[in-house]
Amino acid sequence: MLSASDLAPPAPPSHRPRPATVLRVAKGVALVVAVAAVLLFPRLAADPFILSVGVVIASYAVLATSWNLVGGFTGYISLGHAAYYGVGAYATALLIIKADVPPFVAWIVGALLVGLLAIPIGIAALRVRGASFVIVSIALVLILLLVFQSWGSFTGGSNGLRVPRPFSADVLRPEQHERFFYLHIALLSVVLLVWWVIDRSRFGAGLKAIREDEDKAESLGVPTVRYKLIAFVLSAFFTALGGGLYALWFGFLDPIFQFSILIGSYMVLMALLGGVRSLFGPAIGAVIVGVALEFFKSRYGDTQLHLVATGLLLALVVLFMPDGIIPALTNLVNRFRPTASSIQEMTAAELLQRDRAERPSETELSATEVADENTAVPR
Amino acid sequence: MFSGPLLLQSVILGVLLGGLYALLAAGLTLYFGVMRVVMIAHAAFLVLAAYLAWFFNRQTGLDPLLSLAVTVPLFFVIGVLMQRVLMSRLRPATLTMMSVLLTFAIAMFIEGMLGFVWTGTQRRIQLSYSGASIEFFGARIAVVKMIAFALAAVSLAGLYLLLKKSRMGQALRATIQHKEAAQLLGINTERIASYGFGLGLAIAAIGGTALSLDSTIYPSLHWRWIGPLMAIIVVGGLGSIPGAAAAAMLLGLAQSLLQLPMGTTWAQTVFYIALFATLILRPQGFFGGRLAQRF
Amino acid sequence: MTATISDLPVTTAGLETVGLSKSYGGVKAVDGVTVSFHHGEVNALIGPNGSGKTTFFNCVTGMIKPDSGTTSYRGRDITGKASHRIAQAGIGRSFQLCRVFPRMTVMENMLVAVRTGNTFAQLRSARDKTQLDRARGLLTRVGLDHLEEVEARNVSYGQQKLLELAGVLMGDPETILLDEPAGGVNPALIDRIKILVRELNAEGKTFLIVEHNMGLVMSLSDHVVVFDRGRTIAEGPPSVIQSDPKVLEAYLGI
């Protein structure tokens, strides 16, 4: 026998093509275009200067993604990550100069040394959390700056250290830039791969749980100390690789530029801006910030204003886009979209979901009541 | 090995230095106590105040200490505004982390502006009494250092009285110890937090002016101070003002004594060594109170 | 919950403490507690506020290090071990103020619990079929399966409590410690939790529940331990405890 509820219209299916598939296709296309653009960049670059900027940005992308291995996954924000960048650079240079190690071997060995050093440093530093950890990370880079400036006999101190070029003298500047560009991209690919493997793995799930609630994660059996340390050492290792590659490319090291809080803050800014929870987030952030920095440098010359600009940008990101630029843009776009059509488009369950998101405590239901909601007729 | 008078001089200088550190560390502790904010820009404001004192002296020829009449209330107001406009916007879930990044950004902003307005040239105030010193059992103590210490001591005493005796101070202490309980008692913790901030920046103003009497100042000077100051509050125990003061005196003394065998640059490492020792042995700090947790 | 279970001598060692003590300042929160919880049963730990139940609980689960005494589980000493080792030994716990991972989805919350597995196993995908199926099974059991992809912070408090329990069950613990499971939830949910506990107990899981809700305690537990001022003052089946004068004195000050 028919009843009133049988005559009521069923919840209408969404007419639009499923948004998830559209997004996925768009992402795929964007990825292909981006990869092509990156690979063709050296050909497309107008002059060697632009090419060298490209190398710098690629370097930033490596550093930001490496930083994200610990910062994004565990939530332990290291503002002094330039420490590993600097030691990686100097280790590479000093191995070549003092121990006659071939350049690219020195590069890898130098980074491995930094990785080893990161173990005791991590054990000490990871004993504290949140603000204390940030303080410790800053202290580390400051003390390294002090040491490398004062130990002139070994490191060249404030006079700097000239790094022998890996490629012979008859390889011209632009060609050097191009080679190093591809080297950086290759390194970036490796770091991205590592991030991706961790992200989908159980190890990664444990790390993310540490970020959300470390004690709770531990009570579920996650070996938090071990996991944090592994992420930390991996991050230091890849950051050091970035530093070493920079040393080989740039050819000159100065403690004030290697152990720079500014570079450390760039890493954090880029990762935050691009979005710490996404694969390409830090790299995107690196491109945005890198281009902006070049712009500011060309506009305002060599004054301290790039500090002002970086400070402002970081403040803006923290205040208005703490989840990254993509979520922020999406929210902005959603504001301007035509307002949600009539209630009939949402099932009662979705309405309840939305209400609950806004006022969780008031709409508390038992599980059985929720099950009933799923079969309710829409208004 | 080192002569008696030299040792005595180091000890006295260490105490004088420790006093200044204690005042500045107390300020840093206040921000953390009221709002769980690690105010990295504290030292940048310190340097800003020093620049203002120098500028005041250069323009008017008057003693830079007089600039305190302007900078202290000004910085107080800036502190209140900062808390109201910026800090309160941060989401509670990620407050500590984001506040570190935000105050870091502010520090960079200040450093950049200082460099832009007054260039990177090192500045130093020359006063009639800049070179004067007092003899004390063979030790030579610079008069400016004693003035700086006196300023710090008076301010610390004032802070102590404020916190213990005044209503605002009591409300401040209540908010630091237990925000929710304070709210239940009818305390407007948001307003108190802004006063705490203002107080912290006012302390930075005093410290900066004291600093300007005796030091060469340049835009990136704040990095020389924020490191040791943060090490001090971690060693002392985050959130404890007496703890910070105790750690400050101890480390100031240690730094001064270590300057004899190691020289100025290497003596600075004592803060970082103490910091790492604290992490290994007692991460919650040595002198700290209830707030000293694993933050 | 039949009278016979508690009358039998306890044959299997479960969670036990000997002389466990923990002081804060001069206050002895836990004062030389020696107790043997009945393995295979639903145990309850009750006592007035400030009696030391939560401190005891935290000592046993590895959140705090006791000053002295030992804790053992199935004969193995677990005193002062890190909480992840205790979890891996087969003891799961929930928290008084329900803790879930807020910015992770319900399913992601489920996939965190780690029991064992060597280093390389940890690099495998978190979302592999076996784990997903197990998680779905548990979520269906607690009635949360339709909320798989919703972020944990967006579900109601009651649902978070169920999620927390389901997440603990993912680790397949033998013994489950619940810290005030009835706190802050409506009667319908309390019933649901009661049914779950009974089912899981029938499947062989041991429970230790810290609780203030006397109705729940009395109707659910086989063995009750009463705390007062850091010590155990009474132990036994609910019927015995209810009429014990020492217990009444502790609660009512009579």
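As written, the chains take the letters A, B and C, and residue 1 is the first residue of each chain.
Everything that follows uses one rule, which is that a residue touches a chain if its C-beta (ideal position, glycine included) is under 8 Å from a C-beta of that chain, and two chains touch if they have at least 3 such contacts.
What you see is a predicted model; the values in this text were computed from it and never measured.
When every chain is reduced to the mean of its CA atoms, the largest separation from chain A belongs to C. Put simply, the chain closest to the centre of the protein, by Cα centroids, is A. Separating the CA-averaged centres of chain B and chain C is a span of 47 Å. Annotation: 33 Å between the Cα-based centres of chain A and chain B. Our note on geometry: chain A versus chain C, Cα centroid distance of 39 Å, whole angstroms. For chain C, residues touching at least two other chains, in rising order: 102.
Of all residues in chain C, only 61-63, 82-84, 87-88, 92-93, 95, 99-104, 108, 111-115, 117, 121-127, 142-144, 146, 150, 153-159, 162, 167-168, 170-171, 185-186, 188-189, 192 touch chain A in the complex they form.
Here chain A touches chain C in the complex through residues 197-198, 200-206, 208-209, 212-213, 215-225, 353, 356-357, 360-361, 363-371, 374, going by the rule given at the top. Here chain B touches chain A in the complex through residues 32, 36, 38, 40, 86, 89-91, 94, 96-102, 104-116, 120, 219, 223, 226-227, 230-231, 234, 238, 265-266, 268-269, 271-272, 275-276, 279-280, 283, 294-295, going by the rule given at the top. Every residue of chain A that touches chain B in the complex is listed here, in rising order: 75, 77, 79, 124-125, 127-132, 134-136, 138-140, 142-143, 146-147, 149-150, 261-262, 265, 268, 272, 303-315, 318-319, 322.
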